[in-house]
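What follows is a pair of complexes built around chain A, which joins chain B in one and chain C in the other.
Right after this comes the complex of A and B.
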């Protein structure tokens, strides 16, 4: 099982400040979220896989991600067709028949183009989340979130989440294997009511042992005078440097480029090759 | 109810990490093929009842956003936000069910379930599909159908698993007057 854990390596991406990476992540995913242009998606796809290379993250760490996204995409592809087989026509304002099936389930180039664009829309951002989580130090990330006016208790909660996720993931594996050894099963092989009961049998020890942590950590933080003041300073704070500026400039250029294409070329969110 | 002290903050951090683990690995298959009950929302409702609406919102928002980032690369923001909203509504049951004093009786069960049904319906039938259509320009019919399925699944998940977890928690807390 892959642990989603921050580990330091000496690459350009690791050395960037957490804030830069967050802003870059939001900008790039924002572009993909807003536009519906297959050319932009292709560009972001190449760009994000290049970043993966630069950050020295091996592709096998993304195995699970590819599996999830793959399943999701296949299901979504068919559902989208089932529920709105003429959404492409609606969007692009024309209808070019490929072959007939029945009723409005005729396959058109517009629908096919819309759905292929959608596929790439999801695929193009796959590496970005992984890059962000694998290369960002949780404490440093918390400090940089705080500099953009997120309350420090919220940023601290995010840092705690990132720190404890690998631990809790390990604990889950142990508990789940122990319960499976006892014959507790939550898959389709048991009856419906038993699935729920067995899920509870796995969840209760996991949750209760984690909730015990809460008191331990809270006490430790109280003893060190946490949350006495309205603001706080950060030991792990790193000021922005020249590479941060360059990285942000690149991301801004991508955003600006996509905005220009949307406004001047596409006149809207969708790229329409059918005009 | 809306105070956010150190204990609630730590609970949020740990709760969101737990939410991520459950969200990614512990799903109970349902009758319908390829749809599963998310046990994570049962945990979310438990934590929201114990630690209030702000913790509830943050646990589900952070947990959902980070697990989406791992699983899909980019969070699907409309649903992430809807998760947060449902967590916030679950949190309105804070100190209204008697769980924290070890008494989760009929009244508490009803209060919890009414609130969780409202939370799930608002989040998955209103917030998520509306944002899907506006932000992601998804076809409306697909968005609302998916929302309806999610609402139904999460109501069952919170109603059955959430209630069971609250029973377990109430049992573990020494109840009021038990020393007499």
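Right after this comes the complex of A and C.
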């Protein structure tokens, strides 16, 4: 699996400007970050999975991403409980015991509700990020970032990284195979520490060959006038069009809706079903 | 001297920052407007530095001290920057893969325009025109990485032509190309030099030739088309600056570690004195009225020795199919038998499946119905590590293999991983270092070694595992004649010690001079498995494997030798006996 594999498909989402997608991503994640309302999280989760479908991103392509995120969330879930088992009670101002474990480690409905909400909070952001990475043409994105006053040298660096990512991954595989041929064992048969050290050994040649590569690209870019002027134009720039407006309007509506719920219904960030 | 000079070095020296001695010393050189010159020199001669002075990378990217003066198209380089010069000088660098910056061909061609703040509409228009000029107009939407070698060359040329520059600078344009693509590249460079200008299609006007500078050590390949002058650089000074015929006749190229055209070498072997009057620079121009008899005499005097008896099967592949993605086969029904003591070339275009074949043999690529046999035994159950004890793979770029700081540790690493006892490791590493001529450097840091020495280290680190077969991917890519000979003679020695050597290569000289047998891959199929001399004198095979005929083939035609293969065989025999 490769992580940043933009490939063009003709869907509404692919056709949107990179800037629209970035703003949409920021707005929706902003909503998720600010509020603490499980209903909003569920809504965003459903919404983002719908977008995945519209963008023709098959879920099986994302198996590994979901696996890693899943592991992270589960670990996070237990650690959160371990470090502050009473946080839910603190937040919601009540305590409804489900069962006792020992010491302060009681399990309350408040804590459980708080942690399930938190889990969904993280889970609902991931698909949004995936959509952004999978449907945005890196250079087009660089050009649209540039329009909102991010210096083009920075945006171009981002685009170049995205472009070279698959090459570097491929190179890593080859280097790693060559090391394995010499007897370096990175399979699950050896200890974690051993595997870690071996993986680092594989990184050394990768870093050196990447440095060589960077040197060549930098020269090639300068020879063709990169960084000559303070601004530049973009071949693949796509101006905002009607669908961009619609997309932004939808996102704004979600933001407004969430804000209304926070102000008028929840009277704060948290949705409290325990009052 | 050239009239209307456009590039003028005068008493020019350059010393890289942190280096004691100048790389270019007190250089005087003038290149006139519209000239086409070939700059040649061995590795480290300063020829690339010369190029980087012309395009402004020096002193922009490489700091150092400049003395004397250099003017390019009226601009004094010391005061100008790389940007100012990029409007006048267009540079195509060696590694066209690495110089692509964009995700699509169109965008890459437009790169210089983007940096110049050209409006989008005009940009699209100009990209269209220039892409039609070099013949990539149908590929605009593709990713540069997906192109063939030749298409990549064309795209990078379009990327500099889009600026309508006056001076074209090619820094080793042939380094990564197969012979046939290289030949087309030289033709394309020639046409663009002759003034197929950007606006020719639009206005239909004739325009003067563009100044063209080609830096290359593959002299014979560049001389596929005419050049005005050849400039020989070595040790940072101009050794000779002569018209091509005089340069070839002078014999200076060989003296400075460069390879002469093969037909010239053959004529010299036959005792023919090469003079400028014979017009020896191009195979199409050379006059052989004097040389013909001598060559024919020499031809009959060389007797071919018997080939050694074939060894036992050491590696065989039966009915191998391989694909990365369903229905896109990379290898189809490959059958190959390699015998102990063989030294053979696997040749074919980029993407023909050469590297994949090697990777499948070594299990770098997992394959379900593997049909690889080591000494007649099915290797299907052997892991990548187990296979490596039998067949070693040396990658093209040594930096992709080296993980340790010191030479000894690097070479020992395969044994350490295999838990071989200390004392035995010591013994085996020392022995391999001796074979590889590296014993003096035992405790050296690898970073202090030259490219060729690093290559030896990687070969040593494979040899220490005592494999029966080693496969090398492009072992001599980018190397000049001297380093090429070093590496190849070393491999020959290893081969004589009993290791079977398989070389993945585009290099026709290598095929001819070192590997009696060649296996040709095309679209994942083996289309020929025969003697190298046969391959390189067969127009059909040459065409299908994207090679080019050796100039000895044409020499045979010109001197009335009916059997070009036999001439090639005798040439190889003679070189083996007399020269080495």
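Heads up, the rule we're going with is that the second predicted complex is superposed on the first by the 258 of 275 C-alpha atoms of A that agree within 3 Å, B and C clash if a C-alpha of one lies under 4 Å from a C-alpha of the other, contacts with A are read in each partner's own complex, and residues count from 1 in each chain.
The rule we apply is simple: a contact is a pair of C-beta atoms (placed from the backbone, for glycine too) under 8 Å apart; a residue touches a chain by one contact, two chains touch by 3 or more.
Remember, predicted model here, so these are calculated numbers, not experimental data.
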Does chain B (first) or chain C (second) touch A:65, or do both, or does neither?
first
Identify the partner contact of A:126: answer first if only chain B is touched, second if only chain C is, both if each is, neither if none is.
first
Partner chain(s) touched by A:213 [first = chain B, second = chain C, both, neither]:
both
Once chain A of both complexes is superposed, is A:204 in touch with chain B (first), chain C (second), both, or neither?
both
Taking the superposition as given, does A:175 touch the first partner, chain B, the second, chain C, both, or neither?
second
Look at A:234 in the shared chain and tell me whether it touches chain B only, chain C only, both, or neither; answer first, second, both or neither.
second
In the superposed arrangement, which partner chain does A:137 touch: chain B (first), chain C (second), both, or neither?
second
Once chain A of both complexes is superposed, is A:161 in touch with chain B (first), chain C (second), both, or neither?
first
Applying the touch criterion given at the start, work out whether A:223 contacts chain B, chain C, both or neither, answering first, second, both or neither.
second
Looking only at chain A, is it chain B or chain C that touches more of its residues?
B
Which chain A residues contact chain B in one complex and chain C in the other?
159-160, 163, 167, 202, 204, 208, 213, 217-218, 221-222, 226-227
Using the touch definition up top, name the residues of chain A that touch chain C in the complex.
137-139, 159-160, 163, 167, 171, 174-175, 177-185, 201-202, 204-205, 208-209, 212-213, 216-229, 231-237
Complex interface listing, chain A residues touching chain B
4, 29, 32-33, 36, 48, 64-65, 68-69, 72, 75, 79-80, 83-84, 87, 122, 125-130, 132-133, 153-154, 156-165, 167-169, 172, 176, 186-188, 192, 195-196, 199-200, 202-204, 206-208, 210-211, 213-215, 217-218, 221-222, 226-227, 269
What residues of chain C sit close enough to touch chain A in their complex?
55-57, 60-61, 82-83, 86-87, 91, 93, 95, 98-99, 101-104, 106-107, 110-120, 123-124, 127, 145, 159-160, 163, 359, 362-364, 384-385, 387-388, 392-393, 395, 397, 399-403, 413-414, 416-418, 461-462, 465
Contact set on chain B toward chain A in their complex:
4-7, 9-14, 16-18, 20-22, 25-26, 28-29, 31, 34, 39, 42-43, 46, 58, 62-63, 66, 68-75, 77, 135-137, 139, 141-142, 145-146, 160-161, 164-165, 168, 172
